[in-house]
Amino acid sequence: MDTFLGLYNYWIYVGLLVVGLYAVLLKGNYIKRMIGLGIFQAAVFLLFISMDKVEGGTGPIFRYGQDITTIFANPLPQVLILTAIVVSIAVTALGLALAIRIKEEYGSIEESDTLRADRDE
Amino acid sequence: MLEVCGLALLVTMGLALSRGVLGPSIFDRVLAVNMIGTKTVLLLSVIAFLYDRPDFIDLALAYALINFIGVMAILQFVQNKALRNPSVEKTVSQDRPPEA
Amino acid sequence: MENELFQTLTSLLAYSCIAIGSAFIVIGGIGVLRMPEIYTRMHASSVTETAGSLFVLIGLMILSGLSLATVKLFAIALFLLFTSPVSTYALVNTALVAGQKPAVVKDQTSGASV
Amino acid sequence: MSFLFFFTLSFVLISAVLAVHARDLFVSTIWLGVFSLMMASNFFILDAADVAITEAAVGAGVSTVLFLSALALTGEKESGRRVYRLIPSIALLTLAVVLMIVSLDHPRLGDPSAPVHQHIAPWYLSETPVLIDIPNVVTAVLASFRGYDTLGETLVVFTAGIGVLSVLGFRPKRKAVVTAAQVSRRTVRIRDHLILRVVGKLLIPVIMLFALVVQFHGEYSPGGGFSAGALFAAAVMLYGILEGPDRSIKAMPQVIMLRLAALGASIYIFVGIFGMLLGGNFLDYGVLSSNPVAGQQLGILLIEFGVGLTVASVLTMVFNAFAGRETY
């Protein structure tokens, strides 16, 4: 049981990684692929944040009059992921802008349609 | 007691999630999301007390403010379907609900 | 001695508030799953969003005593009271405009729809 | 407490599967919102309050709004034509199996003897009160100890904003299906609802105020430039949803937003260069004041402001570019 709960977050991370990658590789719709990319990124976020937890610890923000023996979580993974979340939304916005332009030029956001249009030219 | 409250909130989220999965119409799904959003606000406040860090309630406050934006965006998207797709214009264009 | 009694009473009050709130929340959740159509489901969800949230938040306020956390919890309660009825209104309006008809109950005695 | 964690993680996976499975992209976006909510609760349970507040600001508000405004332009139905590709499927399965086997060797959750907790994290935790003297260690590491990193990330956000503007700068030659005038009418129904408008307008200044609190109180409580910027942009998006994109563009013109984004990144760089002129290293804030600790605090305040400015104006710019576009 202890092993199960101790590793459960890693298994969920593997699941998210595979689900996200599935959408990116095997779905033909470009916006669905952006959604898959978001899930893939979230899987990486989850892996990093799982690392920061220390048993019996608390968030790495000091308090007045705290006990000298207080254990704090690891701040470093949090810093990396904090910035990565905002970068991920910026990247998603860029991908969505590309999808909008593809729709305007090809009339569709399906990969099969755009490939066919490219072949016919 | 706080653990029980957290469990109750999570069970309710699960129920709302299954309504979202089953929900025949889009509105059932929006209702489920709205409900899960409110439950998240409560869950975050309860966890802040459970972890004895009441100074982290800022997070619940952020969600209480932000959830509204998501729901408004979803509803605006649904209400403007007519403009994007002229075939549904007739049913959606009246601002007043249909007379019973 | 009196102080101790006061503390016991306040925590008792706080925990009973939280228990009542949790009960409301679970009842509303069951209602959302079991009700037959969208408008009745919305009625069930409003129980969790007003009564449930308020009781839980008031319980937490009593638990935290006079501190900054109480002010923040009060703000959360205020915003929830502002936004959730408005979201419900918008949702009902959108559903009605999009042509979702409320369920009609057949009157058992006359057979006519009410 | 572990049961909370079990539930939220399971909900994360369920909503991710539903988001990918749904044929209607609008429904996918709704599930992505639920995914983000559960992810933020999960981050909070794992003691990462700063990350959770950023995910709250980005995931619930900004991400949903951006996806929906893109869907309004591209259409929300997925064709459903299945792409069967043997090699990617086999690769996916292999990846899943390999990662599962590897996960058995990971340190258990919360193990204090895990390798991550041995090297530099204890130094950050013990030196922050001495060198910088602010309670939020995450902000200290973000803005001071790893300032280069954050500069890079800020510039990435800025570049992505410029990328969106350049990609959407081109327009097809043919006539628009939905013209600019119709786009400004697009939100007319929300604008007509008095209740939504009044309550929404009441909420906008409160969200902006809260964003400023998160920005300037970020050294003492969860928050900082990144989350504050996203919150501020979310407030502008609410205005755009309630009043129509034409008014939000009028209130926040694209040119000014672009300049502000550049200004934010420049503030960051110039604080670094100013430190060099005063005889320190690049992004060494200790020399900004006669007292090194006060100098560090001043430097962190300034660069967090720069980060917040860049993030807020880039996200506002992207929203305006999406929402105000004609449909072709």
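Every chain is named by a letter (A, B, C and D) in the order it is written, and numbering of its residues begins at 1.
Definition applied: a contact is a pair of C-beta atoms (placed from the backbone, for glycine too) under 8 Å apart; a residue touches a chain by one contact, two chains touch by 3 or more.
The structure displayed is predicted, hence computed values, not measured ones.
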Chain whose average C-alpha position is farthest from chain D's own: C
By number of C-beta contact pairs, the top two chains: A-D
For chain B paired with chain D, centre-to-centre distance based on mean C-alpha positions, whole Å: 20
Chain centre separation (chain C, chain D; CA means) in Å: 30
Gap in Å, rounded to a whole number, between the CA centres of chain C and chain B: 13
Multi-chain contact residues (two or more partners), chain A: 58-59, 61, 63
Shared-contact residues (touching 2 or more other chains) in chain C: 79, 83, 86, 90, 93, 97
Touching two or more other chains - residues of chain B: 13, 30, 32, 48, 51, 53, 55-56, 58, 61, 65, 67-68, 72, 75, 79, 95
Touching chain combinations (by label order): A-B, A-D, B-C, B-D, C-D
Chain D residues touching chain B - in the complex, by the definition given at the top: 1, 3-4, 7-8, 11, 14-15, 18, 26-27, 30-31, 33-34, 37-38, 40-41, 44-45, 47, 49, 52-53, 56-57, 60-61, 64-65, 68-69, 71-72, 75, 178, 182, 185-187, 189-190, 192, 196, 200, 203, 206-207, 210, 214, 221-223, 227, 231, 234, 237-238, 241-242, 327
Complex interface listing, chain D residues touching chain C: 189, 193, 195-196, 199, 202-203, 206
Interface residues, chain A side, partner chain D - complex: 2-3, 5-23, 25-29, 31-32, 34-36, 38-39, 42, 45-46, 49-63, 71-87, 89-94, 96-101, 103-105, 109-113
Chain A-facing residues of chain D, complex: 2, 5-6, 9-10, 12-13, 16-17, 19-20, 25, 28-29, 32, 35, 39, 42-43, 46-51, 54-55, 58, 62-63, 66-67, 70-71, 73-75, 78-79, 81, 83, 85, 88-89, 92, 95-96, 99-100, 103-104, 106, 108-112, 114, 116-117, 120-121, 124-125, 129, 135-138, 140-142, 146, 149-150, 153, 156-157, 160-161, 163-164, 167-168, 170-172, 220-222, 224, 226-227, 229-230, 311, 314-315, 318, 321-322, 325, 328
Sites on chain B touched by chain C in the complex: 1-2, 4-5, 8-9, 11-13, 15-16, 18-19, 22, 25, 27-28, 30-32, 34-35, 38-39, 41-42, 45-46, 48-49, 54-55, 57-58, 60-61, 64-65, 67-68, 71-72, 75, 78-79, 81, 91-92, 94-95, 97-98
